[in-house]
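To start, the structure under review is shown below, and the notes come after it.
A, B, C and D label the chains in the order they appear, each numbered from 1.
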Amino acid sequence: MEPGTDRDEGTEPTLDADFFIRWLDAAAAAVARDADRLTELDAAIGDADHGSNLNRGFAAVTRRLTEKPPNAPGAVLTGAGRTLISSVGGASGPLYGTLLRRAGKELGDAPRVSRVQLAEALRSGVGAVAELGGAGGGDKTMLDALQPAVEGLTRSFGAAATAAEEGALATVPLRARRGRAAYLGDRSIGHQDPGAASSALLIGALADTATRAADDDGHRGNGADRV
Amino acid sequence: MEPGTDRDEGTEPTLDADFFIRWLDAAAAAVARDADRLTELDAAIGDADHGSNLNRGFAAVTRRLTEKPPNAPGAVLTGAGRTLISSVGGASGPLYGTLLRRAGKELGDAPRVSRVQLAEALRSGVGAVAELGGAGGGDKTMLDALQPAVEGLTRSFGAAATAAEEGALATVPLRARRGRAAYLGDRSIGHQDPGAASSALLIGALADTATRAADDDGHRGNGADRV
Amino acid sequence: MKMLINVPERVVEDALRGMAAVHPELTVDVANRVVVRRDAPVANKVGLVSGGGSGHEPLHGGFVGPGMLDAACPGEVFTSPVPDQMVRAAAAVDSGEGVLFIVKNYTGDVLNFEMAAELAAEEGIRVETVTVSDDVALAAGEGSGRRGTGGTLFVERLAGAVAEAGAPLERVTEVARRVADSCRSFGVALAPCSTPARGGPTFDLPEGELELGIGIHGEPGRERRGMMTSGEIADATVDALVNDLRPDEPVLVLVNGMGATPLLELYGYASEVMRALGERSVVPARTLVGDYVTSLDMAGCSVTLCPVDEELLRLWETPVRTPALRWGA
Amino acid sequence: MKMLINVPERVVEDALRGMAAVHPELTVDVANRVVVRRDAPVANKVGLVSGGGSGHEPLHGGFVGPGMLDAACPGEVFTSPVPDQMVRAAAAVDSGEGVLFIVKNYTGDVLNFEMAAELAAEEGIRVETVTVSDDVALAAGEGSGRRGTGGTLFVERLAGAVAEAGAPLERVTEVARRVADSCRSFGVALAPCSTPARGGPTFDLPEGELELGIGIHGEPGRERRGMMTSGEIADATVDALVNDLRPDEPVLVLVNGMGATPLLELYGYASEVMRALGERSVVPARTLVGDYVTSLDMAGCSVTLCPVDEELLRLWETPVRTPALRWGA
């Protein structure tokens, strides 16, 4: 059973560093699995590298988290953000890196955070992405999945995943105004934005991790504790 | 009716400069028509240019013969040979050029020559080709069509054409020992030599011209006179 | 799509090992992906650093050496490098006179160099950045702005020449910016390229069609048309360039192959470009013909015009000694 | 197959007009197809003339200039030039010191240059001829003999260097012959080329297969194999070279792209070639990486080794100034 969907805030588990590590590992697995699909999407309106870019970056994140796992959610995210910046390159590297770094900084060194706190931290992160890249909603970028995801996350993990997925699909009819796809003008219409698709994967991994944590929680109380 | 096939030598028409010009024009037409086929043959075991090489050369020959038609068979052939040497390039340019120049020189400045005289002149030409290129019969070159053609021509125009055609086809199972096809070693086996194929075209054009001359001769005595 | 590689993941690393093996005049840090001229930092000289995704060779690594770049940072294929590379390069080439970053205008390159500039500044290195956005296939100022393509060669060369002469950072930046602002490029693809990661073409381009206004990353162009002759392509290209910027000075011309177009064809195309320029009263001062800013094995070509006054032309002529551009040395 | 051309029949003429337009340091006779260095005939200097079918650019026109060729005669695509061209070139470059013909060993080239040498001699020009037959894919002395490929670059450069230094015809010929006799090349194709006249590939090469021991005219190779890695290709290539001639001197190395192979891949291949040479105790003295002796848009590569003593290495280093090979000038 997913935390937050059928309980009130007060009884939803809080999230520790281990939860965040498992989230990013799940994200890495999802990216590895879907790398070819992301690259295909990028081939249509970009330069055919988004899948391999993120795969390289998240593999580095997983390595780093395994080697020295941080012990606070904030540190997990800032570390992962720095790793993405140092290993991805391209547009998505600094953007995803900034998303996670800024969110991590917002979380500070609290050992546990709530879903709502995470939502607020990600909201800051998404703001930083918008500022860095100069894009807004509807420009056919990762923001079109991330912005609704943050709103969803204030309600529940499941709502975040659904919103991200819908946001990603909603980029199909849009005309790109930022990033490489913008070079295509009207020819960008009719294709899903690869960054929005990968954002949906990351948020999907978050929701999956929360579901699994809640299930485990029912059995042996692993990682996510009641507040 | 073809001259020489059903008459004895004495009644066969002799060949004047005009006959030689019409032969080379017919050869040019045949080469133009079959250029793609020759190039395809060359693609299989050479460098895919034999058709365009000869086409360029014979077009130049036709132009030259139209501009200033020589008035002796020998001059027609030496001029055509020089033109081929100056316009074809490749292996076939010097070889065909030498064939015609040498044959032309043999014919000297006689205003008319017999078929047998032509056969002897071409025999010298073929010898010069063998000397220049260092090839012999069975090496899978133009010689495999030209040598039997000369023998055939001592009997009749038709026999020359048939022998050239058979000689060209007989190059298929051979392993090339000269020219570009030799680089392929055993992989040259199973393909017809493009130069042998073009030689068959040239000799075929000779026979056709003779046939047409004989026909015309029946009607209005054009070009080929009784000796 | 067959490639002369070991494994797709190691293409850039292998190429850098090759550069290290055959260019003793360069220091190639394969692990950290930085190519530096052997004698860096050169005393009293501004350091020039560029970089970008790989797949455009000889750009940028082939342009490292006296009279051009001090360092290049190659990213993965078609992926901008990461800030760590530029910071390392800046540290390696800074003699105390500061460093100029030359950046092609792609979101990825811009963002990564931006981060690098911040980090380098934190380490006490003076950094200026000049962005090249010369591709007239795109309207200026719209969306992501214009892409940086062939003009980069002229910026790197002319800024490199003035830096080699000992000019201060402000002056080198000014020259680079002037060149970046006045260069114009336009490219055409006859066949798409294939990236090692993808193993196949980045877009479909049927027989009998071409793409006008392509980028250098396998992006499709702005417009697809029926096949054109080399003369027609030259007219369309020169029109696009001259309509955007009618040069009143002589121009340096780059007739650039995208990778798979034979030099025989490229020289034929150059003759049509020269004709088209002449018909529009544009005066070529110097012309380069060859593969300089490529897109892997794409078939096609681009043309770049770089207006020059006497000073820039003089700078162009000064000695340059790099793997891919060399004269007077 | 799309090409950047006007019409197939005019490809060579168009390219020559392009060379004429962009290389003021050359005299390009488009109608007669001769490319001559502008200052020819150079007093007291032996003239060097080469030529062959077009489609191998920059060979030979791109190698005309001080320190290399005095003239080049381009034939039709993959078709040797005609004697008239070589005779004209010889007359244009002969200062009275005589002329050396550098000929790649193909029946067509050999025969046409032979006729030209006779005609030039009739005009009172002293002519020597050196034939390059460096391709170890073929057994020496069999059939048409070995083809001339990448080694031609070394013959043209080293003979050009000694001619530039004022050596007499005998000495220039001797150097050219020594180099021609000791060079070895081996080439591999990953994809065939397409000639303009044919408009499509000259042979079929299915996905997943390559050709070992190819020529530079779109001829298929001696052996077809399943696809190999760049390291495996380097081993096969260096084995073929070293088994034929184990060099006891250092070697000049040419890692040559056939036309469509990206420079990124070629540098990666160069690193494998360097490894393979090292493992077989062959010492590279200098290495060139790039497209020098190409085969239109063929994908693939060749390697040429040219053993050098100190004298040849010194000649190699002297200034050369041609469109495609330039240093020290």
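The working rule: contacts are C-beta pairs under 8 Å (C-beta built on N, C-alpha and C of every residue); 3 or more make two chains touch, one makes a residue touch a chain.
Not measured: the values here are computed from a predicted model.
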- Query: By label order, what chains touch subunit A and subunit D together?
  - Reply: C
- State the chain with the largest centre-to-centre distance from subunit A, centres being mean CA positions. B
- Any idea how many Å lie between the Cα centroids of subunit C and subunit D? 29
- Using the average of all C-alpha atoms in each chain as its centre, how far is it in Å between subunit A and subunit B? 77
- Query: What whole-Å value do you get for the distance between subunit A and subunit C if each is reduced to the mean of its CA atoms?
  - Reply: 34
- The distance between the C-alpha centres of subunit B and subunit C, rounded to whole Å, is 55
- Task: Going through subunit B residue by residue, note those that touch at least 2 other chains and give them in order.
- Result: none
- Return the residues of subunit D touching two or more other chains; collapse runs of consecutive numbers into ranges. 77
- Item | Topology of the chain contact graph, where touching chains are joined (line, ring, star, complete, other) | line
- Message: Taking the top-of-page definition of touch, could you list the pairs of chains it picks out?
- Response: A-C, B-D, C-D
- Message: If we count contacts the way the header does, which residues on subunit A are in touch with subunit C in the complex?
- Response: 39, 43-49, 51-53, 56, 85-95, 132-133, 176-180, 182-185, 187
- Touching residues on subunit C, where the partner in the complex is subunit A: 53, 75-84, 106-108, 111-112, 114-115, 137-138, 142-144, 147, 195, 197-198, 202-203, 215, 217-220, 222
- Message: Under the definition above, what is the set of subunit C residues touching subunit D in their complex?
- Response: 1-7, 10-12, 14-22, 54-55, 57-58, 62, 77, 190-191, 207-208, 210, 227, 229-231, 233, 255, 259-272, 274, 284, 287-289, 291, 294, 296-297, 299-301, 321, 326-329
